[in-house]
Amino acid sequence: MRPSQRQPDELRSIRITRGYTRHAEGSVLVEFGHTRVLCTASVEESVPPFLRGKGKGWVTAEYGMLPRATHTRSAREAAKGKQSGRTQEIQRLIGRSLRAVMDLGALGERQITVDCDVLQADGGTRTAAITGACVALHDALDGLVAAGRLKTSPLRDFVAAVSVGVYRGTPVLDLDYDEDSDCDTDMNVVMTGAGGFVEVQGTAEGQPFSRAELDSLLGLAEQGIARLVALQKAALAGNRS
Amino acid sequence: MRPSQRQPDELRSIRITRGYTRHAEGSVLVEFGHTRVLCTASVEESVPPFLRGKGKGWVTAEYGMLPRATHTRSAREAAKGKQSGRTQEIQRLIGRSLRAVMDLGALGERQITVDCDVLQADGGTRTAAITGACVALHDALDGLVAAGRLKTSPLRDFVAAVSVGVYRGTPVLDLDYDEDSDCDTDMNVVMTGAGGFVEVQGTAEGQPFSRAELDSLLGLAEQGIARLVALQKAALAGNRS
Amino acid sequence: MRPSQRQPDELRSIRITRGYTRHAEGSVLVEFGHTRVLCTASVEESVPPFLRGKGKGWVTAEYGMLPRATHTRSAREAAKGKQSGRTQEIQRLIGRSLRAVMDLGALGERQITVDCDVLQADGGTRTAAITGACVALHDALDGLVAAGRLKTSPLRDFVAAVSVGVYRGTPVLDLDYDEDSDCDTDMNVVMTGAGGFVEVQGTAEGQPFSRAELDSLLGLAEQGIARLVALQKAALAGNRS
Amino acid sequence: MRPSQRQPDELRSIRITRGYTRHAEGSVLVEFGHTRVLCTASVEESVPPFLRGKGKGWVTAEYGMLPRATHTRSAREAAKGKQSGRTQEIQRLIGRSLRAVMDLGALGERQITVDCDVLQADGGTRTAAITGACVALHDALDGLVAAGRLKTSPLRDFVAAVSVGVYRGTPVLDLDYDEDSDCDTDMNVVMTGAGGFVEVQGTAEGQPFSRAELDSLLGLAEQGIARLVALQKAALAGNRS
Amino acid sequence: MRPSQRQPDELRSIRITRGYTRHAEGSVLVEFGHTRVLCTASVEESVPPFLRGKGKGWVTAEYGMLPRATHTRSAREAAKGKQSGRTQEIQRLIGRSLRAVMDLGALGERQITVDCDVLQADGGTRTAAITGACVALHDALDGLVAAGRLKTSPLRDFVAAVSVGVYRGTPVLDLDYDEDSDCDTDMNVVMTGAGGFVEVQGTAEGQPFSRAELDSLLGLAEQGIARLVALQKAALAGNRS
Amino acid sequence: MRPSQRQPDELRSIRITRGYTRHAEGSVLVEFGHTRVLCTASVEESVPPFLRGKGKGWVTAEYGMLPRATHTRSAREAAKGKQSGRTQEIQRLIGRSLRAVMDLGALGERQITVDCDVLQADGGTRTAAITGACVALHDALDGLVAAGRLKTSPLRDFVAAVSVGVYRGTPVLDLDYDEDSDCDTDMNVVMTGAGGFVEVQGTAEGQPFSRAELDSLLGLAEQGIARLVALQKAALAGNRS
């Protein structure tokens, strides 16, 4: 039995709130159970130096966690003067995931920065961030189309992410903090709406995992992501709050 | 006429939501109009080195702004590797303001860190932060009393803050971003519930200000803070969300 | 009775020595009793990026303290690799104070940096720095006029600063270190020669202060600054050393 | 046809040279074709603060690349003042991989740091590093046993790593730089000698990859790692150079 | 002819003023012509970690230059967030020079930090710093003896320094800025009162120098340092200012 | 008797291996006994800002030490976030030494960076680095000539370096780690092939040294460097490995 009482293939309660803050071109609060991440997409009419004059755009991400998003307070990275290796890993992952569904040539010489800030953490912050960031990016690009700055949105597909793991011998979907802390294998999977894999990152926390376990985790992830993409579409069909 | 259509002595719509996040000992979302600041109070059973073995506690604050809390995106301080002078000034101000109403001896060898993170900025983030932080600190201390770790709360009074300024010749209360950007004199005032001054920080942005202007700004601030303290008390009388 | 034996409204012995070092366009040693600050103004024929091409200039300040300017040695900021929050607060204050009396448009696309380095500290280093920096800036601008690079000096007025505080119940002027360490309220006031307020920064170190105390501190500061401006004028009437 | 003329399931020429430098407790030069990484294991009789007094040890890794290990010179991280996100990701991966085969309790309160420094890069530096680091760690632990400081080696299994990718539609093993630069999907796989998975990190560089591609990449990796573990064993059976 | 009109073996006008500031245990302003360096010696009753419990003391030095000590303003190291390589070289040189004449065992578990801050630079700041630092250290140690904390001073000899160089073919003593900028070979020599060499650092700025030139430079330095040591002794024979 | 059993004027076994790595324009492994330094010269078709548009080039050096090049592991500078004062001193010395034999005007607007990374340390790393760097630079420049980008090599002479010291009263050549640790005076000497001095850096580690000792150390260094230059020439006469 999972600590969360969920079925092995059951997602937490997912909420996607668009228009959560007013200044950003896309602003989404995404909730995976108690995990809450604010994703804002900011459009800038210039590109980083390595892309100047190449006629294409860039999408990048930054990730942060409020000091008391966690059970015990963690030191503020701005005060420590550097981002941890974990933070950098996560923001690189989010950026790659979003670029996987973008036509950067069609974006033109613009950069979109998606900031993913964790207001409350309960496991799965990086997968929630990717799932919310895709919706914020969608809104920002639709805004460029509505303003006549782009003909069509350069977003080619949806992208969403979920964690899977082996909890006391059973493969389970979408781990919360309690499950994640007591889990042998932890895998984050990022997929497109069309069902292609973008990222697979599996780690044995304790025992190495077998090929059979890996296969069944991938199956769970495929199911979960299909549901997340449906929720992204539903959120985009509704009004911004 | 103020851009916000408010009377010169009219506060913005103020909301104080307790229990906004689940992990912190005190967690308050404070809203001054569109300005929204999340204030969390974290209790730690140790004190910084300069206080060890002295039998008294400490209260400190940290301040941050999400990159897209503002009209245009500002660089993330954690990525730049340092906190700006403005950030440090503000967090020092919040810390001093809170300590002004604390009996640090009665707190014992504990530290409470209040993190004030701006989710959305529309002027007056530091005054909103102080006003919300006082409520978060209040909740954290009540929790220590409820848990039997303190006999009574070492908070001796309320503390709240508001900005005042001379806008096109008229002294006005609680400036929003549009008013603040077009203002000759800007003053932040921090006061206790008993009406004592804790901090007065006035700056001439354009023309130096006269003693008469200074006097009328102080009068406006006294009124505004009395109302803010009443709102703090009302929030504490209600339930945590 | 004040530890310094001074009357409540009595300044320390003030000395302003122009031409203290040879390379800077303006170089002033300012002494408020045992507090000694070297203020040098450096002219540069370019402006920071945010002002390029706007046809106006900039005045900025930097502040430092020699490691053994103080009673016990403080760590060297260059060795620690960052400036403290206090240092940044002070240098921002000095810069704003000087800009308040400058016609930056008339300066043209030039920057003047005023470095204020404390050789010996005995309280009031920031107010001494502002008072000396104004004279160094005056000399640097006169040099530009003398060299035909400016028609008239863009300095519109004098600016000076003093601290005031409530010492054992009595409002007193120009606190030295011993008085400052044992003081309930401490306020730094910056004013122009014409008697306008530029900055008012009051802090309750212990007990909050009343409106009446605030009023009498402001009165003391007005008197003290009038005398300091007279001393600035006298120094400028004399020869450079 | 691969640029390297190799068969799809063919490793590059692999060399593992033990005792490459004289001071380290374990020192291995590992070569995957032109990729050359020096792995040194250093034993220290203390543990990091988070483990003190817990009776167990720690294994950690650091990774670096000489500035001209690459085709064009890259900036020295020590001169830039920080390690890149990529560097941190890699050294965290190496550390986790080594700990997956260690009995940290049996190590006692000791730390072993494995430094992996790339002398020459031609793709696959992180997989070469893990493969070489395991041998260096093995030698360092054997040294502790030989010196009577441990009864038996706390290394429970071998660990090795290889990259796999889809090159022009064909899944291939052990990509060199030319292949890696022109590859749609890139996956790094870390496995134990017993055939368990420790890490799986797959990234779609261009097109998302299908489940079928993922499956065939995993199969290639399994074969490659079996051969690498055989080479590790052969190296350990020989003399140190 | 030297730009300074001095004879080849002529020092600049040297002044050593003791007691220049009031807080430090030793405080000396040393002037070599227009070069002015403030040297303060601070006594601390503890030693750095690498010496704890070894029953001996330490002498170290830090060096800094006020931003406008130079002809054109140089960036403040505290603001840049690091000390330059040149600064570190110089402070290491000063520290080694002072330790060469100290009996660190006799000092006991104390550290003396000598801060050398350049108020005005005109060439030879490091040699002036060493020469002044020795006198400041002398005063600080005499203070420990006077206070009964040491029986006798652990300073075994004097140490002083001077620069020599080949200026337009002629070896000359004690170069000022104009001479130094136009000089083929530049050598800094540190010697004891007894005539032993502590440091010799010669650099060919343009043409390599011959053994004969080196010999004659060493001869000039020997003479100059003998005179500097006499001036140190004279300064110590007089009153502190 | 020296710990190394060598005669006082005997160099360690010296090896210079060209073409040690494949990407750099010049790549040399230099060995002075057990000291092994990899020197790579990288050509870049641009110059640092201070030289732009001046029609001349630049040669600079960077120095690093692998963490376990030493007897006990030293912290990685990239992880600490800064280069030590020692590292900066050494890389500045190497750069100056190489520039002393370069015709920078003839190089044109190009920069050559020589990276000297110590793989194994046993004393004398900086002198080995200079000796090897000269050969790597030679190869890189010959490459520019061979490619028709330069008519002739702008290297005007050879440059090599050696350490000398007074070991138990006897002046000896080329100290290894054991000798260096137990040595009163340590001097690094850099000379050209033509016998001119480029750098002389002597330090009394214990007792100050006399003029006579200095003279005999210089004589030993002259002999040693003549032999090193012969070995550089021999290496260049052979094939690249």
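For clarity, chains are labelled A, B, C, D, E and F in written order, and residue numbers in each chain start from 1.
Heads up, the rule we're going with is that a residue touches a chain if its C-beta (ideal position, glycine included) is under 8 Å from a C-beta of that chain, and two chains touch if they have at least 3 such contacts.
Values in this document were obtained by computation on a predicted structure and should not be read as measured data.
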| item | value |
| --- | --- |
| Target chain E, source chain D, minimum contact steps | 2 |
| Each chain counted as touching chain E and chain F at once | none |
| Option reproducing the contacts of E-F, where over half of them reappear, out of A-B, D-F or A-D | A-D |
| Most distant chain from chain E by Cα centroid | A |
| Whole-Å separation of chain centres (CA-atom averages), chain B against chain C | 29 |
| Centroid distance [mean C-alpha coordinates] between chain C and chain A, Å | 51 |
| Euclidean distance of C-alpha centroids - chain A vs chain E, Å | 59 |
| Residues within chain D bordering two or more other chains | 81-82 |
| Circular arrangement of chains, read from chain D onward through chain F | D, F, E, C, B, A |
| Footprint of chain C on chain E - complex, ascending | 21-24, 27, 34, 36, 38, 40, 42, 44, 62, 64, 66-73, 76-79, 81-83, 87, 113, 115, 117, 119-121 |
| Parts of chain F lying in touch with chain E, wherever the complex brings them together | 82, 85-86, 88-89, 91-92, 96, 100, 187, 191-192, 194, 196-204, 207-211, 214, 218, 222 |
